[in-house]
Structure formats: structure tokens, C-alpha cells
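Following: one structure in C-alpha cells, then a few remarks.
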Amino acid sequence: MSAQLTVVKRPARRARYSRAFLYVFLTLMALLWLVPVFSAMYAALRPYSETQKYGIFSWPKSLTLQNFRDAWTQGQMTHTFKNTMFIVIPAIVLILFFSSTMAFAVSRYSWRFNVALLLLFTAGNLLPAQVLFQPLFQMFKHTPWPDILSDTNTGSLLGTKIAVIIVHVAFQTGFCTFVLSNYMKTIPKELGEAALVDGASTSRQFFQIIMPLCRPVLAALATLEFTWLYNDFFWAVVLINQGDQRPITSSIANLGGQFFSNDNLIAAASMIIAMPTLVVYLMLQRQFISGLTLGANKG
Amino acid sequence: MEADLTVPVTTAAPPKGRRRRRRYSQLSRGDKVTLWLMAGIPTVIHVVFVWVPAFMTISLSFTKWDGLKLGTWKLVGFANYWAVFTVFDGKFFPALFNNVILLVFLSLCSIVGVLFAYLLDKNIRGSAIYQSVFYMPVVLSLAIVGFIWKGVMYSPGQGLFNVVLGRTAQGNQIDWVGNAEKIFTFHVPGLDTPLGLTKNFAALLVAMAWRHIGYVMVLYLAGLKSVDPALREAAAIDGCNEWQAFRQVVFPVMKPINVVVFVITVIEALRAFDIIVALKSPPGTKVLGVLVRDNLVGEGGGQVGLGSAYGVVLLVLCLVFIIWYLINNYRETDA
Amino acid sequence: MNTLHKGDPVSEGYEQSPSPTDVGFHIVSRRGLIVGAAAVAGAGLLAACGSDSTTASTTPATSGGGDTTTPTTGGSPDTTAAPSGDAVTVGINEAAGAGKVGDGIKAGLDATGVPYKGNFVDHNSFQDNITSYLQQPDDVFTWFAGYRMRFFAEKGLAGDLSDVWDNLPDFTEGFKTAATGNDGKQYLVPRSYYPWAVHYRKSVFADKGYAIPTNKDELIALATKMQADGLVPFAYANDGKWPVQGTFDILNMRLNGYQFHVDLLAGKEDWTQDKVKNVFAVWTSLLPFHQENPNGRTWQEAATALENKEAGMYYLGTFVSSNSTDQAYLDDLDFFTFPELDPAIGADALDAPIDGWMMAASPKNEAGAKALLTAVGGLDFSNAVNAVDNSAVPANDKFDVSKFTAIQKKSAELVGSAKNIAQFLDRDTSPDFVSNVIADAFAAFHTDPGSIDTILSDIETQKSQYL
């Protein structure tokens, strides 16, 4: 689009003042955002016995990483992290693949079911997950599944991580299709037409032209999906009844007792658990921040 | 927000004719097969595991069932719906009202999220750090979100707010999360209790904003990537100020992404329940999603019929809203 | 639709809720005789196992290791040395390695000598998901006495343990009653219990010259005096909306008696009648003696108020001590039963929830499951558990009282002297009803005590949907 426009490096005039204001504003906002997190971190660095007695915002008598150590061992995080990855990685790959193909088909081509399909996927996304829990539970329970194809021996899909993957894929494909199809609409049509002239097949267009252009949104979706699936507790717990098969979110739950819960320990556990999601964000965010230009439409 | 989204396409957008899509009939057989597979497989998965259960849930909403054994349900017609609107009117309507509040509030938050994205896209130094900070609430698990807001920020005896305000003494504490007194009320004919915004729901809104803004920011940032920087430069040359450039150049180009933000805002507002449940759903803070959850899952979830009825009501509300919007939207772009 | 549950045997079951002459009634008196008889009991257990239908292949370790208390487990954290194919699967509502309770249960199971495979799940998600869990259960699983146990038994989701009970000589009749379903068969093997009581600091009472109140006048006088001394008489919290249910239980039992309480929760009594309104009237009159705004306070914060001498008393379960590790405070902590409010009713009922074991309706390894259930009813199990976790009182009547902590001893005495034991509100009625109606209603009462008539009539209308 707008290929007739040329880039002009234009020195900012009022810029200096407004830039300074921008930094001050963003920094203030960022600090505001961090207050709750740092407060929790401060609690995580102190023993429960201390914050319990003197309050979370009292002067520290001891600062220690003991909560983090305890959270790691008592939560058996190495084990539960493996379970999580077993669910999250295949699920995300499938979600992004299926939703890309789907979004491509409905947003780049005109055929009869375009809008209907898109509506189906978008609307599916509105269903609160809990509403589907009973029927899905019974479906999985009554779907025989050979034990050899799962690492549990329940005889049905219920209780397997595969069931959790299926639910995530089915659900999140709806959301990602909706988002991706909207992003694909911002990609100029000339690209596809040019490819057609070159005699490129549909699949080549998809893989070689559209997908690379969708990198920013795929990265954003991968980040969000990783965060959600990684933090999912609901499906993992209702579908997997064996404690040692459950994902890392159950590590946090394991640290809470029937009545008493050591919140500082739980805060420490939550901080540890949040690390991978932040790392994923940092890794993927360069895909969707400024500095790189889309570029392709000028070609 | 919605009014903004329907801003007419300005000159900066490409001419309509060039946006026309490929016709299915123009494709070769191989391409047709590819396309069928591309659309078919996801559709089958989605339909089987989302829509089939959804229709089962709709069926279940006409039954009374404890969820224990298949076939033990009893058909009760519309009794569950009748119960939702009469027996539980004291729960349903306040929850619905809270959803409305949430919708308005999250729409404002979405605007802030868009603003953050726009500002962070301006090639500023340390953008990655700012972004990570704003995104952090999204990555934190609900366990810690619950602890942060209940135990650290809003705790009556030791929470940050009361510490800062000097209100931690016995008898002088502000009960942020537990106080269900209403800030304002109004009477709706036919309802026994007046509707209104409770103080603790207002407190919970802060926690939800904290999470929602980062979420919108990420999606919008990804969208901004596809705005040609040349467009902005051109706008600047034309003498547009920052606001004009955003409103007249960036925003219209971002229309499909604006749709995304709009739709997720509606979804989040109507479907919300997780932060409220993480704070153990204090009195006066129920939204429809919490009612669905309370009746369907958990130890109290023995009323599958009633819970499903709540779910169907919620679903219908969402669907009406979104279908109306999407149809309007797609009619315009696909014409 | 209101009538759907009428005549359903489940709703009739309340009458069998731990009934008069109940749980642990004879605990103390009989225990004295049995001190030191552990070996005898162990031998009895062995004999019992032998006479059970257990096959040799499922309990190879029982004959070898059953006469000692040494664990027979291998190195793996949750599997015994025996091949898992033969092992009994056990669902446990405590996480492994994350706390004393789970560790104690694990030690106890190890001590049974029956090969088992433990499925350790955190308490809250186990309880939340019990309905789905029961559709794919382990052979043996932890659960509570009370309404829900009988409900599951009624629905055919629990295995009949009557023949196991033939080999459980260590429990009093009260526990057997608590383990009995509506059909007269047993479905639970009790593990432990703990009472709800008024906690206080001995040093505070000594310093200020307070006496333990035994009736309403003394209670009011004490509370007034505490207020004059700058103390909040009662620490109070309702975060999660369950803690004040205990207060309701005790007020209702003190004012209207145990039978009325049980009938009210069974849905047989009207919530709008004067007897119930009186409970809330008394509750309202006592609220000024409690910490204000309980809805936003966790019980842990309230317990801290007691520990920091801001509050004089706290009515809660004995788990109140788990909030602190300060030994001086824990030694100073004591409790008494909630005083009498109506001389005609007395003060001989209280909440004391019982935890225990149940069997799946059709376990994969029934013989092994029953062997394990027999063993967890034995003394070896209780000894091994108590060595690790002494937060609750072992239900086993032959348990050596000299091993009790002070709190355990007092708990056993308190429960032993009570005439009627309730299980706690959410265990004595349908949890649907509690979590969707009662919990919100009680929270609303604390927001606006003046609106109690509306609240009670709402409870009464909404009750029909659940009971």
C-alpha cells in the first residue's frame, strides 16, 4: 500500500520536549505497574513468620532466598515443568499452524463460507471454558485410548495430557484464527496477486509470502498463548486426576495447605514460575517492536 | 470505543478495488484441495471439541443433573432459566450489572493499552523493558495475582494502601476487598434490591486494569508493525500533529486490529471470572462468569443444569453482541 | 423442580449424621486402659488381615512387614517396592513433600506394608474436583465423614466397607456411626479429627485476671472487660467465605440444639422461622465484640491479631496454631469450648470434622484396597502418621495418649466429653447449597446485618434448588 510515499528522515522539532515527557510518563507508569510485583517480591524474600507478625511492609529482619529454594524443591518444579512443556509446546505449534492455515483460507480467498467460518471461530472463542467442561469431560471419558499412546494407563482420553492438548488446540485455534485473519487483512492484496502471476501455488503463497509477513503477530500470539497455556490450571486439573501428571501450576497449589498457606512461599514459587513466560516474551518481542520495517510491500 | 472503530477510511487507506480477494473458482484443483485441507482440519477440530460440547451444554441446561452418571438427568424444561431469572434474581442481575460496569471500564483500559502500544512503538530507548513491565501482570499466575491484591495491596491490616493511608489500626481499617457497600445505586422496576457498583468491585477493577492493559498492548504492538512507517512520515510532512497522525493515519490502517481489540475487550468483560475467583469472589463482586463457574465446577458444581443455564445466558449475551458487530464489520470490508 | 429431591434417600440421610453418643465419646476413658498395648493391637490387625479375602499376591509385604512399623517403601517418592501392577492406587488430598500433613500420611501408608501407589494432590483442588475425580478414582481415596460421604455412597460411587469394619476393633461406636451411610453400611475408615473451639492466650488471661466463660452472661462480661482493656474480644475473619460458617454452627447448636442444627442443614427446617432469626439476632448482638469487616480478612490475619495480643479470643478450628512457628506463643495457646448460651440447651455439641479413607465403587484391586483400608484403621498407621504430623487427633481409639501433644490431649478430651458432634457446615449439607447460597448469604449478613430477614428468605427460596 501507499508505495508512492517515500521515507523522509525528518528531524523532530517539538520532539525534544515531548520526548522527555514521554519518558517521564512511561517511567511513572512502569513504576506504578511494578509496585504490586515488587511488594510481592519483597514478601517472597522474607520468612512468613516475620511478615505474619510485623506486616509485609515492615523493615526486614532477614532477607533470604530460602522461600525460593523451598518452593523449588517442595513444589517439585523440575518434574511439573516437564509436564507443562509436554502439553504447551505441541499445543502451541498446532494452534499456530491450524489457525494460520484457517485464517489464510478465510481472509485471503473469497468463497462461500468465509464469513460463516470466521463467525464460527470467533464465536467459539466467546464460550466460557467452564461451560464446556461437563460435555468435554464425558466425551473424553468415553473415548477409548490405548495406553500405549499416552503416558498414563487410564484406558480413555480422560486423564491424559493429550486430552488437555486437544482442548487447548480446539479452543485457542478459535481465538488465533480470529486475530490472525484480521492481521492478514492488513497485508496488501498485491502480494498475492504478484505471486499468482509468478505461478505460485496456494501452499507456496502461504508458506513463502504470507507466513513470513505474519511474523509479528505470530510472535505476539505465541507469547500470549504460551502465557495462557502455561498458566492453565483449570483444564489440567479437571482432566488429569493423577497429581504427578499435572503441570507446573499445580506446584503452586501443592504449596498451599487445607487451611494454612504460606503466602510468601507461594509468591516465591509464582515468581520462579513466571520466569519462563517472561523469557519467552523477551525472546519474541523483537519480532513485534518498532525499528524493523515491514518493507515487503515496497518490493 | 465502538464509535471510533467505525471511522471512515481516509485517503491514506488503499483504494477499495485493490483489496478484492481471490475468487475460489479461479483456483487450480491442487490449490482447491490445499485450501480445503487448510480450512477443513481446523474446522473439524474446532467444531467437534467446542461446538458439539456447546450444544450438549445447551441441552443440559434443560435438565437437572448432578454430573455424576450419564443418563441420570431429568428433563425439566425451562425450569433452570426460570430459576436464574426469578429464584436467583438477587444474584443474576447484580452480576449482570457488574459485567456492564466491567465492559465500560475495560473499554477505557483498552484505550490505555492502545496508547501504551503506540507510545512504545515510537522507537524509544528501553522499549523492551517498559513492555516487559506492562506485560508482566499477564504472565503472573492467578495464585500470585490473588496474593498480590488480597494479601499485599488490599489487606486490611498490612496492605500497602492501608499502610500508606495510615489506616492499619484495629477498628480504623479500610476493608478494600470485603466491603460490599454500594457507591451508587439505582432502582430497576421489578427488582427487589437496587443495582449499583460495590466498593470492593471497584477495588477489583484496579487489579483487572493492571492485567488487561498489558494484554491489549501486546496485540496492538504486533499490529502497529504492519503500519508502514512511511505513512506516518507522510502525515508529519502534511503537518499533522501527533494526535491527528494517529487518528487519521494509523488508526484507520489498523482497523482490523481495532476489531480484534474491541472483540477481546467484550470477551474479557463478559467472560471475566479468574481474578475475582483468585480473590475468592468476595460478596458483591460476582459477575456472570463467576456464577457459571460456581454452579458448574468446583465442589459446589453439582448443579449442571442450572450452571449450564447460566452459561447459555452468558453465551447468548456474548453472541448477540459480537455477531451484530462482526456482521456489520465484515459486510463493510467484504463488499 | 423443587420436588425433584423430595423423597430422595440422600436428603433423609442427615439423621444419621454423627448422631448422639457420637464420635470419640469414649476416647479418653478407654484409652487409659490400652496404653502400651500397641503390640497386641498390631497382632490383632495382622490376624484381621489374614482372615480377610486378601490374596497373597496383592499383599506380599503385609505378612513380612506388617508386624513392624518399618516402612517397606523403595526409593521412589510415591511407589512402594512392589510392582505397581499389584499396588493399590491411593488418592490423597495432600501434596507430597510440601507439608507435614502429606508427609504424615505417606509415612502412615508406608507403615501399613501394603504395596500402594500414591496419587498426591493438593487439598483444595482434590476437594474442588471430587465429582470428576470419582468418575476415574483410585482404589482408595481420602475423604471426610458427613453429608458428602453419604451422598457418594448413595450414588454408588463408594465401595461398601462393612467387611473391613469387621476387622477394625480400634474404633469407638461413635466413629462407626460417622462412617455409616444411609443404607446402614460403612463407607469410611476414619483417620483423624480436630475440634472447633475458642482459642486464647493463657498469659493474657492470667495477666488480666480473665476467667473462662461458661455461660452467656460471663461471656458478655468478659468481652466487655476485654474491650475496656483495649482488646478486641474476638478475632474474626471471613475471607473465602467459610470461616464464619463455624460461628454459625456453634451459635445455632448452642441456641437451638444439635438436632435442630442438623435438620436445618438437611433442609427440613425453615430458614425464616424465629429460631433461626434468633441465631442471627444473637450473632448481631455479638458482632460488636468481633473484629470489624471480616469479609476482607483472612483467618491467618485474624490469628495474628490473637498472637499479637490485639484480640483476646478466636473461635476457630485447632488449625489456628498452624499460622505461627513461634514456640512461646504456641505453648501459650489454649482453648475452651464455646460457652453455653441457653441453659436449656447446654454446651455439649461442637464441630469436629473427621477425615478418613474411602474405597472406589469398583476398585481395580479390591482385595488390596481392603487390606490397605484395614491397615490404615490400625495402630501402626496412626503411630507412623502421628510421628510426623500431630496437627490432628488420630481417630484410632487405642492410640497411646502419652504420645499426644497438649493440644491433641485437650482436643480429645473436648470431643470426648461432647454429646453431639457436627462435621462443619459445608460437610453437613450439600456443598452446592453452601457455596452458592449460604456462603454468600453469610457474607451479605456481615455487610449489612440489618437485612437479615431478606437474606434468610432468599436462603429459603434458593434452598429448594439444591436440597
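Observations on the structure shown:
For clarity, chains are labelled A, B and C in written order, and residue numbers in each chain start from 1.
Assume a contact is a pair of C-beta atoms (placed from the backbone, for glycine too) under 8 Å apart; a residue touches a chain by one contact, two chains touch by 3 or more.
Since we're looking at a predicted model, the values are computed, not measured.
Shown here, the protein chains touch in all possible pairs. In terms of C-beta pairs in contact, the better-connected of the chain pairs B-C and A-C is B-C. Here the CA centre of chain A is 16 Å from the CA centre of chain B. One finds 40 Å separating the Cα centroids of chain A and chain C.
Residue positions of chain A touching 2 or more other chains, listed in rising order: 233, 238, 253, 256.
Residues of chain C found to touch two or more other chains are 128-129, 132, 135, 304. Chain contacts: chain B has residues 67, 151, 155, 157-158, 297 touching two or more partner chains.
Interface residues of chain C facing chain B in the complex, by the touch rule stated above, are 1, 4, 127-132, 134-135, 155-157, 232, 238-241, 291-298, 301, 304-305, 310, 430-432, 434-436, 440, 443-444, 446-448, 454, 458, 461-462, 464-466.
Listed in rising order, the residues of chain A touching chain B in the complex are 1-2, 5-8, 10, 18-19, 22-23, 25-26, 29-30, 33-37, 39-40, 43, 51, 55-57, 98-99, 101-102, 104-115, 117-128, 130-136, 138-139, 142, 166-167, 169-171, 173-174, 177-179, 182-183, 185-190, 192, 196, 201-203, 206, 213, 216-217, 219-221, 223-224, 227, 231, 233-234, 238, 249, 252-253, 256, 263, 266-267, 269-271, 273-274, 277-278, 281-282, 285-294, 297.
Contact residues of chain A toward chain C in the complex are 49, 52-53, 73-76, 137, 141, 154, 158-159, 233, 237-238, 241-244, 246, 250, 253-261.
The part of chain B that touches chain C in the complex is made up of residues 64, 66-69, 74, 76, 79-80, 83, 87-88, 90-91, 150-151, 154-158, 170-171, 173, 175-181, 192-193, 200, 280-284, 286, 294-295, 297-303, 306. Residues 78, 91, 93-99, 101, 119-125, 128-129, 132-133, 135-137, 299-300, 304, 307-308, 317, 319, 322-326 of chain C touch chain A in their complex.
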